[in-house]
Amino acid sequence: MRRYGGFLVLVALVVLAPIVFPGNYFVTVVGVTIAFNALIAVGLNLLMGYTGQISLGHAAFFGIGAYSSGLLTTLMGWNAWLALLAGLLAAWLVAEMIARPILRLKGHYLAMATLGFGIIINILMVQPTHITGGPDGLADIPTLTLFGWAIDSDIRWYGVATGVMLLGVWLALNLINSRIGLALRAVHGSEVGAQMMGVDIERIKVRVFVVSALFAALAGSLFAHQQGFISPDSFSFHFSIELVVMVVLGGMASTYGAVFGAAVLTLLPETLVVFEEYEVLILGAIMMGIMIFLPQGLWVSLSQKVKQIIASNRSTTNPSAIS
Amino acid sequence: MALFLETNNLTKTFGGVAAIFKLSFAMGQGTVFSVIGPNGAGKTTLFNLLSGIYRPSSGQIHFRGQDLVGLSPHEISHIGISRTFQTPQIFFNMSVLENCLVGCHRHGVTGFVAAALHLPRAVSEAKRMREMAMENLAFCGLDHLADRDSDALPYGELKRLELARALSTQPRLLLMDEPAAGLNDSETKEMGALISRLCETGVSVMLVEHNMALVMAISHRLLVLNHGEYLAEGSPEQIQSNPKVIEAYLGSGDESDG
Amino acid sequence: MGEVFLQSLITGVTVGSAYALVGLGFAIIFNASDVVNFAQGEFVMIGAMSAVSLLAVGLPFVVAIGFALLITVAIGMMLEKFAIEPAKSATVVSTIIITIGASIFLRGAALLIWGKNFHSLPAFSGEIPIHLGSATLTPQSLWVMGVTALMVLLVRSFFKRTVTGKAILACSANPMAASLMGIPVRRMMLFSYGLSAFLGGVAGVLIAPIAFTSYDAGMMLGLKGFAAAILGGLGNPMGAVAGGVVLGVLESLGAGLISSGYKDAIAFIILLLVLFFKPQGLFGRAGSDRV
């Protein structure tokens, strides 16, 4: 199947990276962060890129996953996997609760509501200092153990994180190429048109919001165990914005674009370490520049170029949508 | 036996102004039924009421014995009513075939989980839908454009794509809002032929259209509205010779010209 | 209890005045161009920080403030010229991202220029508080409320009575028709951004003596201003002003009664409730059709 060609390339890339560059900091350390961010971005892209519903508060779900795992394992002594499930459940419940009223809003109102939600959740991480550790964060979160095999080294975490990320990409690709994916994109194209085709737009928006929240919460739980320490800073409004940038940088409505955007935006500060104080400035410039000059995103624009070249070389190939 | 489509004292007001007022009419199954009237007669409002986009201020709508009032557009679509729009509501972010596949949405059962896991039943369902969508594209003469991006289509083909997409829902009743608007003469003829063929396959069509030649050529019955109210009903011949209808059209012509 | 209430009310109206000015700026830009300018809060920060710097190089107080406001207005116009104008046909989501990008960019620039330190301006007319029972009112609070009231009245009569003001309103109602009528739509946009930036700058200068300012002080203020604009009904300038004051008062009452740490949460919970149950805003009419 041609649509899984891209997926196999991604798998190969992920597998080969640590073999070609063994012990490389950018692969086994930054690579783990890229995988987590990519997982969230792929989920957010289902909501934003495909369904056309902006969220400026998705860091909240990342945080709900992380704090559920962190609190339940350190304070309550829960099994880490059980805590992870509880985190997913918590994110599900919260998403289900707010999705209905929030997704009835559109445009600026939706942006503002999701933003407000994100900030409220972030404050709930900072304020109850006696539970969450407040701004100082939560330390000593144990690492994960898989069938008695502790995930305690960079390369092991690389395997787990990228494995989960690839699973997320695979699920997202399947979803997009299905009846549900078509309906999601139809909602983006014309809500009234989608309704007349029998799509329950309110319900499907809620569902995709929940799915994207679950992607973020899963990344959050794993992030907490991998870092061993979490603080509210990682789940702030600023991170919500970075997630949006990952999606638009790659190009909305492109799953690989979201992975690409996550990779670029995660690597950027690492490579810019020398100009640390320029990081904020550059992030802002990227956001404006992409939206003004490449509104389709870097990845989508590039892959369209490549497709054009291929098409002009082999005039018989028929163009089809990228996924 | 319950009537196919029937409204009873249907009224819709916007801020105290009635766009549709105490409208009662019935439409028979298997016909092309046109709704005409001067601008502002309330034709599009009627379509929005029948398709669930607006909720009536009062009155009833019954379709095959079922009450439609209070149902949302997607529920109405599941009952077997679909529509096209004055300005095509095409999903411009999708290909021609994909647009049509969305029309098949209501025949599928694949949910988020089955879709994400790529379960065999999701795969076979997708295959079935693809065949169905291709059939409808072929019916509208668009099958050779299936993989084209819909935003690259000329206007006439967009109109036919919207029709093909609506057909993919397998409606019993299709509401068509100005299918010939913006089309040239030969395209208009094609569209007329398409609608007639459609009616022969068993789909009832309710039509709002300004091109009177087309309306008179393909309609079985006509309903005339004026200022949201019932003015007349009958066969094309009866309507053409009805003095009230002539007056309404001429009267409104006077206003807009003078 | 009564004193706590009075003190909260004073603090709330003072802070709310700043929200009101930011919200008013939001409403002006939204009316003129249908853009929600997330960089609005940065104008507050730039106004305050520029005034601090200009004062530090030895300019007289009034001159420093005048130049600070000029700088803010110039940046507001540059924002329109270089970020909004080139992306004319952008979707709502795109313009949201562009203006958030602009706000982050300005914050980044401020970080490079002024560093991470906190700054503050001296009070305009002394620090001796006025006692009202057991509650106190600083002279600066009076400045904030007074100047805000003045600004609001000026803006109101500007849109009601001047040709330029009416032209801007025409641009918002129907840009195509406005340009056919010979109104220079682009120049009106530029002017609207300048005016909004000016109001933001004024808010910044006014509250800098009360609240410390730093490179990232604009973000929260901008969001609160946005909340004020929504509370008042997006696109309703006087609603935004009322929304700002209401938000400021509820926030400081909540802080007084519950805990000051949850102050921001209270503001956003109010915002969510309004969006869920009364999206056209508490005083809204203008924005209802845009939901």
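Each chain gets a letter, A, B and C, in the order it is written, and its residues are counted from 1.
Definition applied: a contact is a pair of C-beta atoms (placed from the backbone, for glycine too) under 8 Å apart; a residue touches a chain by one contact, two chains touch by 3 or more.
Because the structure is predicted, anything quoted here is derived from the model rather than measured.
Traced through touching neighbours, the fewest hops from chain B to chain C number 2. Centroid distances from chain B, each centroid being the mean of CA atoms, peak for C. Separation between the centroids of chain B and chain C, computed from CA atoms only, is 48 Å. If you average the Cα atoms of chain A and of chain B, the two centres end up 40 Å apart.
Put simply, the C-alpha centre of chain A and that of chain C have 32 angstrom between them.
Chain contact summary for the complex, chain A toward chain B: residues 171-172, 174-175, 177-183, 185-186, 188-190, 192-201, 207, 211, 253, 318-321.
Residues of chain A touching chain C in their complex: 48, 52, 54, 56, 101-102, 105-109, 111-113, 115-117, 119-120, 123-124, 126-127, 237, 241, 244-245, 248, 277-289, 291-292, 295.
The touching residues of chain C, counted against chain A in their complex, run 30, 36, 83, 86-87, 90, 92-98, 100-109, 111-112, 219, 223, 226-227, 230, 234, 259, 261-262, 264-265, 268-269, 271-272, 275-276, 279, 290-291. The touching residues of chain B, counted against chain A in their complex, run 51-53, 72-74, 77-78, 82-83, 85, 89-95, 98, 101-106, 108, 110-112, 115-118, 122, 125-126, 129, 147, 149, 165-166, 168-169.
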